[in-house]
Amino acid sequence: MTSEDKIANDLTEKFRSLSGKIRVQRARRIMAEVDKDSFEEVLGYAIKILRFSILCTITGLDERQSIGLIYHIARTDGIVLSIKTSVSYEKPLMNTITPYFPAAEIYEREIADLLGVEIAGLGPGNRYPLPDNWPKGEYPLRKNWKKNASANNIIKERTDNA
Amino acid sequence: MFTPFLHILVFPGFLFLVFAGLIAEYIDRKLYARLQNRVGPPFFQPLADFIKLTSKEDIVPEEANPRMFKAMPIFALTATVTAIFYIPLWSPKALYSFNGDLIVVMYLLTIPTLTYFLGGWYSTSLYSKIGAVRSLTQLFAYEVPLLMCILAPALLANTWSLSEMASFYENHSGYWLFNIIGFAVAIVALLGKLEKVPFDIPEAETEIVAGTFTEYSGRLFGIFRLSLDIEAIVGSSLIASVYLPFGFHLKPLAGFLLYMGKVLSIIAIMSLSRSIFARLRIDQMINFCWKYLSPLAFLQILICLIAKWGLYR
Amino acid sequence: MRKVVIPIGPQHPALKEPESFSVTLSGERIMAFSARLGYNHRGIEKACEERTYIQDVYLVERICGICSHAHSTAFVQAVEEIAGLSVPERALYIRTIIAELERIHSHLLWLGVAGHEIGFDTLLMYTWRDREVVMDILAELTGNRVNYGINTIGGVRRNIDASEISDILKAMDILEERTKYYIQLAKEETTLIKRLSCVGILSHEDALSLGAVGPTARASGIPRDTRKDDPYAAYDKLEFKVITDDHCDVYGRTLVRLGELMESYKMIRQALKEMPTGPISVKAPRKIPAGEAFSRYEAPRGEDVHYVKADGTDRPERVKVRAPTLANLQTVAKMLEDRQLADLPIVIAAIDPCFSCTDRLISLREPKKPDKTLAWEDLRAYSIEWYRARGIDFTKVNRKISRRN
């Protein structure tokens, strides 16, 4: 058995709810779909027991009904586990993973700025990457975001401020 | 009645120094460029830069003290130009001299650094202030070894006048060889005085933009730059007259050419060091000056004292 | 002296691209450091969703001017994985060769910038002079000095012929000799060592927990290199060492980069020798089937990561890019703790923050012949003619586009 299959088996044995939701895409790429409630448990297990010690990045996706978040974590032997979870579109809320990866802060801020996911537990700090006077409620990476309408809003807000 | 004015304004005073300074800047820049495998500027570049700067607008920051801000470049220029009158250039006699003019020249050469400090401080920009504090900190590091190593030849010559020192060494040929260590120390200290690499800490571009000169522009900046160029000439002339005191009896033209040769070779040594070193940090610079430069200067004094005791016994 | 806060950026001589840092100083000592990023945000990820895959190849290439090949390769790798294309061997070798040439030019550029940041301009002038050798090779192979445009979905766009191989080998010999000189310089020049060693210290543990990548991590003794751990292109067939160093400071990062230069010369020679013959690309479908892929690439600055999701149309559903600098910038605050202001530029520069370098026109002049430099309008007219001669006319399409707008 390859180590990718072994990791997939390990995960399904430990978490029954994951059976059928783990897919070995190719050598060194594993994809897992996890619901939001068991996400933290799975992440902790992958980090501590399966030794996925590197955080590559966090991808945010607009999936129309929900917002998907993919945490790409890697091992030193090159295997990447992408744990996907989703939060509701109306009230997107996610816990921070900075206790596991201090470096995750910037990726979480990016998701907060571009997709409007509220990250609970994130300390104060500068926003990233949008400018400070960016209008509230405008999340450019959402599919229903139209650049022209928002551009007008931004110009309006700037002139109001001035 | 008329001659002193000619001396002060034309030769060897202001006009001569301006041209010598610009030539020195050109040689420095060209040599630096050639050492770095670049083409370098054409010969008129320093003059063109100066003319360009004088034609630009003078901007005084709103927060700055305008009187101090405007006065400082003039002070720097006057102090450096004044110092040249007490230094013997190509004859053993300087234009003016009295016993103790050595100290006066050192004092006059310190004034530009003080004006950099005050100019930077009164321009109130943060970068200028940091640069100003740095140039003052640096002053305390290089000034002591510089003064000590200039005193040593004076001790040997038993006089405090630069002109009398020059005639002493002229009459006792070969004595200047005692002062070789002091020569090296003085050149290093002069690098600090002129704020050149590795001691360009007060105007470290990548940290504090242009340090003291960040807020200066136009004519005022042009005068500051000119005074730096002239300081390079005056400093090199001082070192040449103290440490390379030979050839003073030559005919005027030959003497003048020898003098220019001495000064320009000191400038060339400085551009060489500029191109082979990285900029030090201020703490490293101070460590270096107190740990190595001052003891060396002290050694020079000891050598001169022993030589004096041996020679006059 | 009381505490002062000085701004470094968004515009500052030490920074080659806009980013805003603010530093709290007590005298010369740094008490606090904070960064405000995002001044260079151009919305490329969103723009990718509105363009076709082939347009995106050229768009992601323009994320960075220095590691442009890194981004385009990472992107096409992901798309090829989704589409299930098997890229010809020769194309993989060509990608690897360009990638290593890019690493050489990037590391030489870094060395010069590092020299400038510590006030050692001679090093800047020397390394950038030598960098021209590799820039000329890149221009010869791809037609461009930066933003090479050699990648396409399913392979590469240009082949390497025998005369180009001999040119590359000649250039490698020159560069290897120069690099040996720089290694000697780094080991012997006192002021350089003084300014670099014990500056910007990042311990092994901190580098691990803060997720440092690339030379920054390797200089803290972490043998992490995507080329070795997660091989792509032709790296699994090449022999090379992962250079690490235990200095944990800027000096270590310098040595790592110099060591990597020597490895790159070796790899390019090996790749040129073992490169198989055959086609350089396969035909890619315009519409990519639904799917997703995650692609990693060891850029000169560290691991570059692309995630692509396809939905079966000719445009991607989502493209996510994580450039190495974003991972490394988070270590800077740690490196600057309780350091001097004078160390700040070199510490920031030591992670090699990505800055774009402008392209320039090489004008080839032969004596007696008229100057053949083309202005923008001439170039445009020339390209229209070139395509028209091959039976492709863009005039109608252009008119349609302008009407739609």
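By letter and in written order, the chains are A, B and C; residue numbering begins at 1 in each of them.
Here is the rule we use: contacts are C-beta pairs under 8 Å (C-beta built on N, C-alpha and C of every residue); 3 or more make two chains touch, one makes a residue touch a chain.
Quantities reported herein were computed from a predicted structural model and do not represent experimental measurements.
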{"item": "Farthest chain relative to chain B (centres taken as mean CA coordinates)", "value": "A"}
{"item": "Middle chain, criterion being Cα centroid separation", "value": "C"}
{"item": "Chain B and chain C, separation of their C-alpha mean positions in angstrom", "value": "45"}
{"item": "Distance between the centres, which are taken as Cα means, of chain C and chain A, whole angstrom", "value": "26"}
{"item": "Inter-chain centre distance, chain A versus chain B - centres from mean C-alpha coordinates, in Å", "value": "62"}
{"item": "Chain B-touching residues of chain C, taken from the complex the two chains share", "value": "1, 4, 6-7, 12-14, 25, 28, 115-123, 125-126, 129, 189, 191-192, 194-195, 340-345"}
{"item": "Complex interface listing, chain B residues touching chain C", "value": "35-38, 126-127, 129-130, 133-134, 197-198, 200-201, 204-209, 275-284"}
{"item": "Of chain A, residues touching chain C in the complex", "value": "25-26, 28-29, 31, 53-57, 59-62, 70, 72, 74, 76-78, 80, 82, 101-103, 105-107, 114, 126-131, 140-141, 147"}
{"item": "Interface residues, chain C side, partner chain A - complex", "value": "34-38, 41, 43, 45-46, 81, 208-211, 224, 226, 229-231, 292-294, 296, 303, 305, 307, 309, 317-318, 320, 322, 326-327, 329-330"}
